[in-house]
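Handing you this structure, nothing more for now.
Chain lettering (A, B, C and D) follows the sequence in which the chains are written, and residue indices restart at 1 in each chain.
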């Protein structure tokens, strides 16, 4: 009964099988192999973006930070939500990969930036001239760190703010699958058609061992990206083993099935929390539930063996009601969810 | 009638004279000269810190950013007020000199951090473990960016928070002279006796052409500092010309006279603003006045030729009342202040 | 018949099986799982270093560059052979991870630095004072980029030079297994007993998909290393999948068997080259052969389908004799070697 | 009798007078003042480059490193002579300002790169693909670190190599005045007309206190340069005091007079060394003399009080003949040269 994160589980059997299937024989290293080529092609197809440049890395932090470094100079300002993963959870990777850029955080309910608030901060940044650095990049996360979803209209509105200022828009898609599955739109709709310039298309939280695709929809934006990837140690010599993980998830639509599974379970948990007298801290739109629950429900859940985090951290221990975060994964067992629901309801 | 900043005026005649006086003959470069040695000694005397390591640079941004780089690793968190110069006005220099540290801002009235608020944010940073980076440095500015003064007790309280966490305390003293003059204490009281580990002792805003001293009270903290200074291009070959500027200000106490002049003029402006129906946005304790004034007073001041900035920026144009910032300098003419007072009062 | 590199082949079946075996269930991420713990323990056992700190990353460039960043400041000088992988083949990763350190190269036959030559360059670096930066790290590769082996005595002599100057010694062990297998010594003999402070223990070239261990023999040397790893995107959320690869290779001694296979095949190729009228450019001591061969032998090899690189690069095309590099891998088929030998001999 | 360096002397009286002359009144800071504007204009005139972007910094290391950072990415390769100041004497500043670029050194007699040797190394760098980083910048020094002069034809030949590869050419002109004075050409001839894209026009070694101009002949090359300068702490608030130093040297041609003085004295020393049985290690073409002299001449010079460095460092102590470096400055007294000549000749 592990609801701590969607990275606590392992890899989908199809991913493991794909690793074995591409294991035979000798191929040239560093990405010059047919598996990598095919995986890149499949991602372009899924995104309906025949010109896009696709590259694979093993971690979400690498993907995001490399994109930050690609777009923002060391004197750049990168605008993101105050709870953005790049701000709170990557140990300063964007700052390191850019050589010193500043993350400018934007508040906003449910993990989402509002275009007006963003524009206002961008204006202030620009008004500071040399003093505050140059506006460099806008970054959003979808699904957000609060498990909510930016709608296509909301993405487009932020893209407009970015593009009017001549800035690119990055989407941290560590849970892109969950967002697409939740929105019921196409991957293209949720990315380049809405104005996204660079997408980090996550695999790890959705059944890969450790694989993410970085996608630049305009190939000109990818100039020199391979040097950045290499210099940061993120080019694998046996690159096919990264690529094939994404291939296994994307061919045949497995990625959306897995994301839908996680989303559905989270919806069920949300209902149970409300039924148990709890409250949701944000709408449950993908695979995460942020809620407060009565201390008794918390005690019953823990007694039943459920593992999850208090929110925002352990300092919430002892609060009444208890703020918690539950995350469901691509393979969270239905039985675990049922058991947690039973415990919550008492 | 220039009240835009305390860097709009030139250098004190004693500074210029000192440049000429040390010009003759050949000496070894890069700081191995007797003038530099003497200037370092005088600063140690003024600070009553015989063990301190003293180094000179030409700009306040260099001084602050070098100290940040000295203490905070690239994965470090540097805590400062949300209006700190290192956060708002140095184009990301601390991030660059550290290689990617994150400035974590702390809100607080009148430009001052409260120890409790600081401690709370430091706790959260530490609680994040690897995710958010490692707590690395606490930085305060005195006089603050709002022209207020941290009292010795307030500094000590922040130093306690820092030291209990094993972190050093940096003081951005671009207007250290104004702070010491305002507090009527010794330079030692306002620095190491209150718990400051590294002081950027400003000269430029107080009558130098461009000179600042970086002081590490514990010589162990200065290890390798000269490499950092050299690698960033801040070691002058004709180093004596930096050092002698500080020498001219510090020998004989000129630095405190000049700072007192600026402080006194600001106090007069504050009184005039209140008399003219304006309001102070922060207590006027050194050489800056943040206030709102009636539009008519603003119009009269502008008509009289007064130069100053709206606050926080030009977007304040047209507000009623008008938020403004006035800064007095070491040599702001009394007549200019009198003229501005007359214009404000109408 | 691929002799281009030892990273052209895939993973050993035991590695793939181990991935599957550890796939079930949910564990805490980022290394806080029992598989990672066990893999770290096994490496400590193999190295007879119960105090060592062991961490896993996916690429050799990451491993090397992280160690460089751990030891050398941004104003540091890192001494290595002029053909060192960190100098020629990592796109400036050491420079990036240190924030600007300088690699000072040392010439030397067969890919090996001589202690005297190293000491002489270190002396010159120190003599330059601030100008040239501070001596920071010594790095050697074993097996070397030329397929040769530093003997235990040679390592110790270099370690002495390093330690007398107060500097640590890093060993790039991308082919550490090949070196240990060739020397017939213990892993401890070839590392800490000979004076190595930090070892990059390679798995990828020896049958892993992509896994390397970074080992600090003195735990004090590992301070903050996890922050560096995280900030560069090299901490895997599903960390067990890295760790288990090394575990599969090390438990039961598979790593030495595989390395011995590669070494033995290379020795056979060396004999064939000599028999075919070629010459060796360096002693063949591990799994790489640098040689010149008659153009006819080259033509026959190519006609037979052998894939390998000219040396040092394609500009050697058309030379007589033809300089080439042949690399054997953990699973290079005996038949391929036999076929190449036949082709070379004509 | 100081021949250690051309930075051991102070500033020309005209420079000091100019500082005083621009001291009165209040002007806007950070370069938005009329003195800076005029100094920029005068440099454009002297260089016959009406479109050029001109910026001032206080040290040569800052100037060079900022240009490196402007042109070379962190994965870049910067080609320079093995004795280039940026390689040997700036503590890794180019590496720091670029965030990790690699300096690739090129050997060559008398401090000068040969175009063929340069092209060959550039080819090898490009051939390495991702492995070695991307070719980014070519840098030459004129006058060179050996006191020699690249002729206009030699500069043009190197510029051709650079431009054919699509790379810019930087000239470290710490002693640009000495080079122009020696060549008897125009400043334009020696810079943009010969293919130089960015010039660091030195003032410090030629009579300034500490002032250098960075010149980008194509304004597009200067994009964002002010951010870089600011973020590294090299924008002075009282910027006029930097600018006016260059103005004092350039208006009226003082810069060439001073350089000619230094050059002439060096020529005299060279003659004396030959007459005293010494040998020149490089042609004496500007204000530095590299030579070997008999031990007796060395002893007499030292006894007479002459200060100079052994070459390349103190390890030359005791050699016979004695390798030395003598540098003359803009104001080296004729009497000092005469005295040294007398001592050398015995």
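Please note the rule applied: a contact is a pair of C-beta atoms (placed from the backbone, for glycine too) under 8 Å apart; a residue touches a chain by one contact, two chains touch by 3 or more.
Please read all numbers here as calculations on a predicted model, not as lab measurements.
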Once you count every C-beta pair in contact for both, which comes out on top, B-C or B-D?
B-D
Report the chain whose CA-based centre is farthest from the CA-based centre of chain C.
B
Whole-Å gap separating chain B and chain C, where each centre is the average of the chain's CA atoms
50
So, in whole Å, the Cα centroid of chain B is separated from that of chain D by 34
Can you pull out the residues of chain C that are in contact with at least two other chains?
74-75, 90-92, 96-97, 99-100, 130-131, 133, 227, 230-231, 235
State the interface residues of chain C toward chain D in the complex, per the touch definition above.
74-76, 88-92, 95-103, 123-124, 127-128, 130-133, 312-315
Residues of chain C touching chain A in the complex
2, 4-5, 7-11, 16, 19-20, 22-29, 57-63, 65-66, 90-93, 96-97, 204-205, 209-210, 227, 230-238, 240-242, 307, 329
With touch defined as at the start, can you tell me which chain B residues reach chain C in the complex?
30, 73-75, 99-100, 130-131, 133-134, 224, 226-228, 230-231, 235
